[in-house]
Amino acid sequence: DFLVALQEVTPAFGASTDDLERCRINGIVDCGERHSHIYRRTMLLAEQVKVSKGSPLITCLLEGPSGSGKTAMAATIGIESDFPYVKIISAESMIGLSEGSKCAQIVKVFEDAYKSPLSIIILDDIERLIEYVAIGPRFSNLISQTLLVLLKRLPPKGKNVLVIGTTSEVNFLKMIGIRDAFSVTYHIPTLGTEDARKVLQQLKVFSDDDVDSAAEALNDMPIKMLYMVVEMAAQGEQGGEAEAIYSGRQKIKINHFLNC
Amino acid sequence: DFLVALQEVTPAFGASTDDLERCRINGIVDCGERHSHIYRRTMLLAEQVKVSKGSPLITCLLEGPSGSGKTAMAATIGIESDFPYVKIISAESMIGLSEGSKCAQIVKVFEDAYKSPLSIIILDDIERLIEYVAIGPRFSNLISQTLLVLLKRLPPKGKNVLVIGTTSEVNFLKMIGIRDAFSVTYHIPTLGTEDARKVLQQLKVFSDDDVDSAAEALNDMPIKMLYMVVEMAAQGEQGGEAEAIYSGRQKIKINHFLNC
Amino acid sequence: DFLVALQEVTPAFGASTDDLERCRINGIVDCGERHSHIYRRTMLLAEQVKVSKGSPLITCLLEGPSGSGKTAMAATIGIESDFPYVKIISAESMIGLSEGSKCAQIVKVFEDAYKSPLSIIILDDIERLIEYVAIGPRFSNLISQTLLVLLKRLPPKGKNVLVIGTTSEVNFLKMIGIRDAFSVTYHIPTLGTEDARKVLQQLKVFSDDDVDSAAEALNDMPIKMLYMVVEMAAQGEQGGEAEAIYSGRQKIKINHFLNC
Amino acid sequence: DFLVALQEVTPAFGASTDDLERCRINGIVDCGERHSHIYRRTMLLAEQVKVSKGSPLITCLLEGPSGSGKTAMAATIGIESDFPYVKIISAESMIGLSEGSKCAQIVKVFEDAYKSPLSIIILDDIERLIEYVAIGPRFSNLISQTLLVLLKRLPPKGKNVLVIGTTSEVNFLKMIGIRDAFSVTYHIPTLGTEDARKVLQQLKVFSDDDVDSAAEALNDMPIKMLYMVVEMAAQGEQGGEAEAIYSGRQKIKINHFLNC
Amino acid sequence: DFLVALQEVTPAFGASTDDLERCRINGIVDCGERHSHIYRRTMLLAEQVKVSKGSPLITCLLEGPSGSGKTAMAATIGIESDFPYVKIISAESMIGLSEGSKCAQIVKVFEDAYKSPLSIIILDDIERLIEYVAIGPRFSNLISQTLLVLLKRLPPKGKNVLVIGTTSEVNFLKMIGIRDAFSVTYHIPTLGTEDARKVLQQLKVFSDDDVDSAAEALNDMPIKMLYMVVEMAAQGEQGGEAEAIYSGRQKIKINHFLNC
Amino acid sequence: DFLVALQEVTPAFGASTDDLERCRINGIVDCGERHSHIYRRTMLLAEQVKVSKGSPLITCLLEGPSGSGKTAMAATIGIESDFPYVKIISAESMIGLSEGSKCAQIVKVFEDAYKSPLSIIILDDIERLIEYVAIGPRFSNLISQTLLVLLKRLPPKGKNVLVIGTTSEVNFLKMIGIRDAFSVTYHIPTLGTEDARKVLQQLKVFSDDDVDSAAEALNDMPIKMLYMVVEMAAQGEQGGEAEAIYSGRQKIKINHFLNC
């Protein structure tokens, strides 16, 4: 059953960069020093995989609050690394599949990767891949076991793989042993005031005078929520102002913004 | 299996407005300022979806006690928005289906929506869609996971979607992560005395003198229960008076009403 | 599967009155004021359904201890209402069926009812319909969800339905949300001394002198148990006296009765 | 599935008395006044069923410690009642069957009974029929629900049925509502000293002098264990004495007996 | 399904003694008075079965710590009893079978036994037969129920059966009612110092001077572990001495032994 | 089903040494006295199996923290023992298989082993073989029961087997009875300072002066993590230094190392 399912999954080369780009539809802005530091460390791991003698498999987990930019960072590393095989495994493309078929899809990506001398595999939103829900908790043990084994299984001789996982449920992953199956774990934080100011300056929707109080108000927010709040404010109190804001003709009124 | 089920679901355009109108069979009366405020905010979100650059998907949850008017409001927004594709997903049309078939139906609606430049999808009574029951609690994790993914999956380029969910079990939805998968959440309250008076005046079944004490008695009631109580009172003590009341020839006797 | 099951259930008109009569094989005696009051209120609901403008569906739950006469009352209302479609849904006729088939049967009755301008559906012993058992507790969530949806789904335009449910496990039904899905709930009590005396007088098995002490002894008993105790006493200490009692030739000896 | 199973069960008339006799392979001895009292009361119920106007179904539960003689008593009543249809339903004849097939067998017996004007059905060891095990506890809800319905369903007009259940797990049956589904419940006790003496006198394996001290030692024992202990003692200390004892040539040595 | 499985199991006569002998591959040594006492009592039960009038079925449970010699004793009784049908039911011969097939195998052995006038059935390691694991605890209720019924079901007229069960999880068996389904239960202990000395003397691997301190060190050990420790010691500190020890040319060095 | 699965598994001789070598891709370095001691004891067990009279089956469990070198040690013993049949059973080669198929694979290896006079079977990462996850906990009881039986079942006459298990979840294995099914258990520790120094000296990536402080920093680390940390440090602060380090032209800068 499983093997049949495995067969039916057709290999997918090349399409992957598109998938990765979709993870950063707003492009990438500088999110401050803490984000940058993790980015550099993870790029070093990619380099280590390239030259490694004794570690053909390195695994790295990016964890942090929902919307903090984990997937965007993993995608960026995948794109920048210039590895011949880069693939993101995400629940989006497996909606409604049975546990067994999901396993087959995941295994397939690893098998494909083993054919390339250098690969990056992104396991996006691991809690969603394993169908986690806090009540119970419930999750797919079949998929969990598959991940536990894949995170330890060495690629064939001469093939090197970097696996990047993302999650906003790191405590749960720890409980089921998946966090400790990764070689290293990095925490992607929300934006501090300083980080938020940097982001706002790049967005150019506030007048220079208002950036500081806006950043103060957005302190400790994930970047995703920052975008949402700014966009709601850009509508204006009665709607209809968005175009003027985005075209740069107008700035967001700081008082309206602070009420959002 | 799932894919087959998916295929078999035939697209359904046009019929939707009928479905939406059935959610407001008594028409719409003014339920007071708190209801109106939420209505306006949600209409602003619909506008934001129309003009958005970076947020092709906005999701909004209406939560509140049973019978408080959530579905009626969502339907009204769907009708008033003038979006080309508006569709309500409700447990009523999926009685007795397996979890898998329900998933397929839900996914199908999203896939259809992705073909329209602007869409509204109403996920009505989410706890019922996921077959929630408080004991256990039990619920369909398959459908929950599907919703969790669909609430985050971006539509294809150039397609924008507003998802409106309704629920009277917001605490449960929070526990399983569905509430936080929505961008914003609004609370639809029961009617305060002031709201109830406004509604009663529009119904015209009490004499002007009695409206105040009737509104007082109906304080803190969902609009659905208000309608039920008024209608029971309209029967009169021995039955048979309803027609006279509804035709306006007679008013409800306040004393009989207060005994109901 | 479910749909096939649905198809296979052939419509059943007309036979229903027989089913209802079987619920009152001993006929109906006057059980006192509290029973009568509930009877009248429920008959008023039937009238309300007939004339209602905005409430095509009214739902009413009769709850109370086992054997207190709930089913008999629901059946009586069904018979007296003179509605063209009256149907009782009971676990008796679904022994050994799978959850899915039971659902199909239940849905079928509602679908049939939607074809009649006026209908009464009796959901008898709801805890038995949903296969409830206190340990766990366990129950069929499939059937529960079906009932939850059916109790809220509006009939087609121009069709009005009264649903009467009965249960002796109202606390459980509350926990799973079924009790609150009903518009109104009435409590059918056991017989007080006064009620028991009234019943005994109608049975004519005690001498006038003994009725009072017998009623005292039967205080706070459901009517079903009253019948059982009286019948056991009617056998006499050594058996063989029943015929004489029932034919009226002899009365039950009060001392023997008090020992039962 | 269930219906097919139901069909396949072929009716079984006549063979039943054999089954009943096997429940009392040692014959019946007098177990003292408490056993006799229950026997007489249950025989009265059989008579009540015969003459009843309003109770075509009477149900009676015999409960008590394992080996206290419940099954033997039920079988005796079945044999002595002279009812045309008497049938014992026991787990022995359903080893290894699925829950569904067991249900079908049970339902079949009731259906067969409905064809006879007077029937006795013995539900032997109900906890075993429903596959009860204390850990969990676990049990078959399918069979439990079937019993709950069958214990309340009225036979067709003109057919009267007495159901006798036996159990040594009355507390569990109470928890799942089966005990209260019976009209009456009787407790079959272990043997007190007086009862044990009576039994021993009938067995004639002790000298008259020893009966008293033997009865004292066997106080508060179920009759089954009494038989086992006596038989072990009858072997003698080194074995080989049994024949002499049973043929009456020798008596059990009281000292050896007290050591067993 | 079950019945088919039952059919497919072909009868197995004669092979049994081989199976029994394999349970005592080291032969039988005298394990002290407590073991001998239980052996004699159980042999008496075998005799009782032979001559019994009223107890065609006697059941006896041997319980005790793992490796204490329960299976070896049961096998020995099976061999020494000279019954025409002796069969051991063990998990070893049912690896990987479904619960249903295991049931069928077990039932088959009983059915075969019913064809012989005298039989012994050994239910070896009952917790393993029912797939017990302490966490949960989990176990096969299907097999448990089958055993519960088989342990009470009387063989056909003229056929007598002795069932010997073994277990090292007697508390668990008590909880699920299996222990109390046996007529008698005996506890097989570990070896006390006195018992251990007796065993060591028979093994002849220590010099007479060392037997006492060795026995002291082995106090309160199951016989299986005693064998293992002695054999490890027989290897010598650097290995290679085993042959000399077993051939009797050399004795185990007591100091090395005490370090093991 | 199971038997079919069993058949389909084709025997696998000879390939095993490859599998074993892959468990030590970095070769073997001396990990200090505690590791060596366990290695020698386990080799003695292999010898004992060879010469044993009464113990054709010896089972040994290596337990310790993740990455401490258990699998590498088991593989080394398998290679060094020179037994004709050596086979490792690992979850890696059974990804996605059903419980039943995994059982069949495991049983197959044992059956193959029974055909060789001397065999070693390595059950690698037993918690992974039985699909253990800490939450619940959940695990495959089917596989657990199979292991419990296989760990006790004697090979056929003249065939001797050594089973070596590895695990980092020894407490869990104890709870489900698997740990106690092994004859002996050894604990493989992390590296103490002394052990770490020994390993580092063999790696030759630190200058002699830095080895001490590096070993101090690596105290109490499993060997796997030691390798990872050293390799990360070998990259240098900006990357690009690895080649120079591994070729011996350069040493790791101790300060950079201590920051890793």
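Things to note:
Letters A, B, C, D, E and F name the chains as they come in the text, with residue numbers starting at 1 for each one.
By definition in this document, a contact is a pair of C-beta atoms (placed from the backbone, for glycine too) under 8 Å apart; a residue touches a chain by one contact, two chains touch by 3 or more.
Quick caveat, the model's predicted, so the values are computed rather than measured.
Between the contact lists of chain A and chain E, the overlap consists of F. Copies chain D and chain E of the same sequence differ by a rotation of 60 degrees once their CA atoms are superposed, given in steps of 5.
Two copies of one sequence, chain A and chain F, touch each other mainly through non-matching residues, since under half of the numbers at the interface are common to both. Distance from the chain B centre to the chain E centre is 68 Å, each centre being the mean of its Cα atoms. In whole angstrom, the spacing between the mean C-alpha positions of chain B and chain F is 59. Centre-to-centre, using mean CA coordinates, chain E is 34 Å away from chain F. Not a single residue in chain A touches at least two other chains. Circular chain order, beginning with chain E and continuing to chain F, reads E, F, A, B, C, D (contacts as defined at the top). Across the complex, chain D is touched by residues 22, 25-26, 66, 91-92, 95-98, 128, 131, 133-135, 138, 227-228, 231-232, 235, 239-240, 242-243, 246 of chain C. Partner chain C is touched in their complex by these residues of chain D: 1-3, 6, 44-45, 47-48, 51-55, 100, 103-104, 107, 137, 139, 141-142, 144-146, 148-150, 152-154, 175-177, 180, 183.
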